[in-house]
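Presented sequentially are two complexes of subunit A, the first with subunit B as partner and the second with subunit C.
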Partner chain A sequence: MFAQGFQNNHAAQLGMQFAGSAMHAMQENVQQNVGRFVSLGQLKHHFDVSNIYVLTKLRMLAFPWLQRSWHRHAERDQTGQVVGYKSPREDSSSPDLYIPVMGMVTYVIAIGLITGRMGVFRPEDLGLTASSALGVVLFEVLLVKMFCYLLNVGAELQFPDIVAYSGYKFVPTIVVVLLKPWAPWWLSWTAYFYFGFALAFFMIRSMRHALIPEESSVMGVNVHRKRRIHFLFIIAMTQFLYIWILIRYKTPAPRAGPAP
Partner chain B sequence: MFGFGTLFYVALLLLNAVAILNEERFLARIGWARNSAELYGDTESVKAKLINLISAVRTLMRIPLIAVNVVVIVYALVLG
Partner chain C sequence: MAHSVLFDQAQAYAGGNPNDGFEFYRTQYADPSSTGAGAGAHGTADEFYASSYGTAMPIVERSWVAAFGTGGFPNEQPLLEELGVNFQHIKSKTLAVLNPFKPLDTKIYDDSDMAGPLLFILVLGTVLLLSGKSQFGYIYGVALLGTVGIWAILNLMSQGGIAVTRTASILGYCLLPIVLLGSIGLAADLKSGPLGTLVAVVPISWCTYSSATMFVTVLSMSEQRLLVAYPIGLFYASFALLTVF
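Right, the complex of A and B next:
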C-alpha cells in the first residue's frame, strides 16, 4: 500500500532523483578532494590481496633469505604496453598496504594486552601507542621522501610504496613484543637481532630495484648511484632503531596511594 | 616519545631553524645563496637541491611559520 503510493507520487520520485544526484555529486566531490592527495585507484590496487599473497609476504618477512626473485612484474594492457605494476594478488613481490595496516592495529592491541596482563593498563596508553607507531612511520616516510628529493628519485618510488615498505616493520615488531614479557632474555635478544636483520635484508632487496637502476638503463640523468647505495644501507640499518623504539612500551609507575 | 606531538615540535623547530638563516649575512658567505647554484648551471647535485630547498622554505614558510609559532607559544603558555 505504502509502496504503491510512493511509486505513484511524483513529488516523492522527484525527491528520490534529487537525493540520488546529490549523493552522486557528493561522492564525486569526495573523490576529487581525496584524490588530490592519494589516488583511490592506487589505494585499491594496494589493498588487492589474497590469502596466498599474505602468507607469502609473511614468509618473506621472516625468512627473506629463502626468496629468490624480488622483481616486480609489470602490468600490461592488451597491446602489450606497460601500464604499471601488477597488483599484490598476482605478484608476491609487490608492496601492499593491507599487512601494514593490520600489523599496526595488531601491534597496538598487543601492547595493550601485555600491559593489561601486567596490571598496569590504562586506556589512554592505546592512544599513545598508536600515536607513536604512526609517528615512527611518518618520520621514516618523511626521511625517505627527503632523500628521494635530494637524490633525484622520482617516479621509481611512489608514495604508497614508501608507506607500505615502512609499515612492514610492524610484523617483526609484534613477534618481539609478544616474546619479550615471558621469554628468557637471550631469546628475546636473539629474536630482536634476527628479525631486525631479516627486515633490513628485506628492505634492501625489495627497494633495490626501485632505487638503484641497472648500469646501462638510465642515461643522461644524474642518478647518484653510490649515494643511493649508501642511502639504502642507512634505511636498512635504521630499521633496528625503529623496532627498538616500538618494542619499548611504557610501564608507568605504580599509582600513588594504597593499593585497593 | 615519537608521538605526534613530539614529532610536530621537532618539525616546527627545524623549520624555524631553516627559516631564520640570513641570505646576505650567512648563506652568501658560505656559497649557499640562491643564485650560487644557478651560476654553474647544475640543478641535479645534492648541494643544488639543498640550496633550492632552503630558499623554498625561506620564501614559502615565512608567513605560515609566524602564525603556527604564535599558536604554539600561546598553547605552551596557557596549558604547558
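Right, the complex of A and C next:
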C-alpha cells in the first residue's frame, strides 16, 4: 500500500535506490573480506565426513602409533593435475572440522557437567568456558600463522587445516578433564601425560608432510628445513600447555561435606 | 487531517485522499458522525484498492468497535489461519515426539510453525521458575545459539539445505522430553547424587532420537545418522544441564 506513495515521490525513490545499492555494497564487502579466509566450498569439504572416518580419527588421536600411513592423498581432476586434497570421507589422514567443533562443544558441556556435580554450576559459566576455549584455539591459530609467515610456508598449510589441527586437542582434553575430579590423582596425571604425548605425536606426523618437504622436491628455494623442524616441535610441545589451561575448572569452596 | 512529510502528495488520486495508505492515521473515521459525508468519496476508494490489490480487504465503513472483534471486515480470514496456527498439526507433531517409534509423516513439517516450540520453551521456563531457577534468559540464549549452530552444521554436512525456521521448529518440538525432565525435577532433587545425572540421560536420548529421525528424513542423510545425532545430542544436553543443575 505504500507503492503508490513511493512511485510518485522522487525523494523516496532515490532513498530506496540508495538503500538497495548500499546493501549490495555491504554484502560484497563482507564476501570479499571473509572469503579471503574461508570459502563455503572449502568449509563443506571439511565437513564431508563419514562414521568410519570419525572412528579412525579418534583412534589416531588416542593411539597414534597404530597408524601406518599419514600421507594425505591428493585429489586429481580428469587431466591428472593435482587440484587439492581428497575429502575426509575418502582419506583418513585429511583434517576435518567436524571433530574439532564437536570436541569444543563437548568440552564445554563436560565442564558444565563437572561443575554441576560439584554444585557450583552457573549458566553463565557455559559462555565463559566457551570463550576461553575459543581463545585458546585463536591464540594457537595466530601463533601458527605467524610461524608460517616467518618461515615462508605458503599454500602447503591452509587456514582451515590450521584451525582443524588446533581443534583436535579437545578430544584428549575431554578425557583428561572427565578423569580429573573422579579418578585418583596418579591416574589423571598419567592420562594427562599419555594423551599429551599422543597428541604431540599426532600433530608432528600430521603436519610433517605439509611443513617439511622431501629432500628431492626442494628446488633452489631456501626452506630453512631445520627451523621448520623446530617450529613443528614447538607446536607439538605447546599442546601440553594448552591442555593444562583447558582442564582447569572452578572447584567449590572447601567445606566439611562428603566428596561428590 | 494527519500530515506526513514524506508522503504528502500534491496529486490527486482517483477518488482517494493522500493518506489512504495509512489506515492507522485515518482520523476522519474516528468520528461516526462523518460517515454520511464521507461515504461517497470513500466508496470509490474501496474500488480503487480492491482493483489494484486483488484480494485485499476493501476499506469499508465501520465503527471503531469492529477492530475489537472478529467478523468486522468482509473477506477476513479466521484469526488462527491468519496467524498460521494450525492446531491439528501442532497436535500431530507433539504426538510424533511423544511416540518416536511410529513412522513419521514428513509433510506436516513443511509448515515450520513456531507456536509449539514457543509454548514448550515457556513451559520449561515456568517449570524451572517453580523449582527456584529464574533462567528464561539462559534458555532463550542457548536455544538461539544452538539452533543457529545446528542449522549451520546441517547445511554444511548435507547435500540439500534446510531453512533456519524449519530447524528451529523441529528442534523446538523435540524439546518436550526435557520439559518432562524439568517437571520430574520439581518433585525429586536431581542435583545431588548420581540419580539426577542418570535420569537425565533418558530424556536427552529421547529428544535426540526423535529429532535426529526427523532431520534425517527431511534431509535424506540416512548414512550419517549418528553424525547428525551427535550435535543434536549436545544441544539437548546443554538444556538438560540448565534443567538439572
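Quick note on the criterion: the second predicted complex is superposed on the first by the 215 of 260 C-alpha atoms of A that agree within 3 Å, B and C clash if a C-alpha of one lies under 4 Å from a C-alpha of the other, contacts with A are read in each partner's own complex, and residues count from 1 in each chain.
The working rule: a residue touches a chain if its C-beta (ideal position, glycine included) is under 8 Å from a C-beta of that chain, and two chains touch if they have at least 3 such contacts.
Note that the structure is predicted; figures quoted are calculated from it, not measured.
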{"item": "Which partner reaches more residues of subunit A (counting touched residues only), subunit B or subunit C", "value": "C"}
{"item": "Partner chain(s) touched by A:56 [first = subunit B, second = subunit C, both, neither]", "value": "neither"}
{"item": "Contacts of A:134 with subunit B and subunit C, given as first, second, both or neither", "value": "first"}
{"item": "Partner chain(s) touched by A:113 [first = subunit B, second = subunit C, both, neither]", "value": "second"}
{"item": "First (subunit B), second (subunit C), both or neither touched by A:150", "value": "first"}
{"item": "Which superposed partner A:105 touches (first subunit B, second subunit C, both, neither)", "value": "second"}
{"item": "Touched partner set for A:67, first subunit B, second subunit C, both or neither", "value": "neither"}
{"item": "Touching partner for A:123 - first (subunit B), second (subunit C), both, neither", "value": "second"}
{"item": "Subunit B contact footprint on subunit A (complex, rising order)", "value": "128, 131-132, 134-136, 138-139, 149-152, 221-222, 224, 227, 245, 248"}
{"item": "Residues of subunit A that touch subunit C when the two form their complex", "value": "1-2, 4-5, 8-9, 11-12, 43-44, 47-51, 54, 98, 101-102, 105-106, 109, 112-113, 115-117, 119, 121, 123-124, 126-127"}
{"item": "For the subunit B and subunit A complex, residues of the former touching the latter", "value": "1-7, 44-46, 49-50, 53"}
{"item": "Of all residues in subunit C, those that touch subunit A in their complex", "value": "6-7, 9, 11, 13, 20-21, 49, 52-53, 135, 138, 141-142, 149, 153, 156-157, 191-192, 197, 223-224, 226-227, 230-231, 234, 237-238, 241-242, 244-245"}
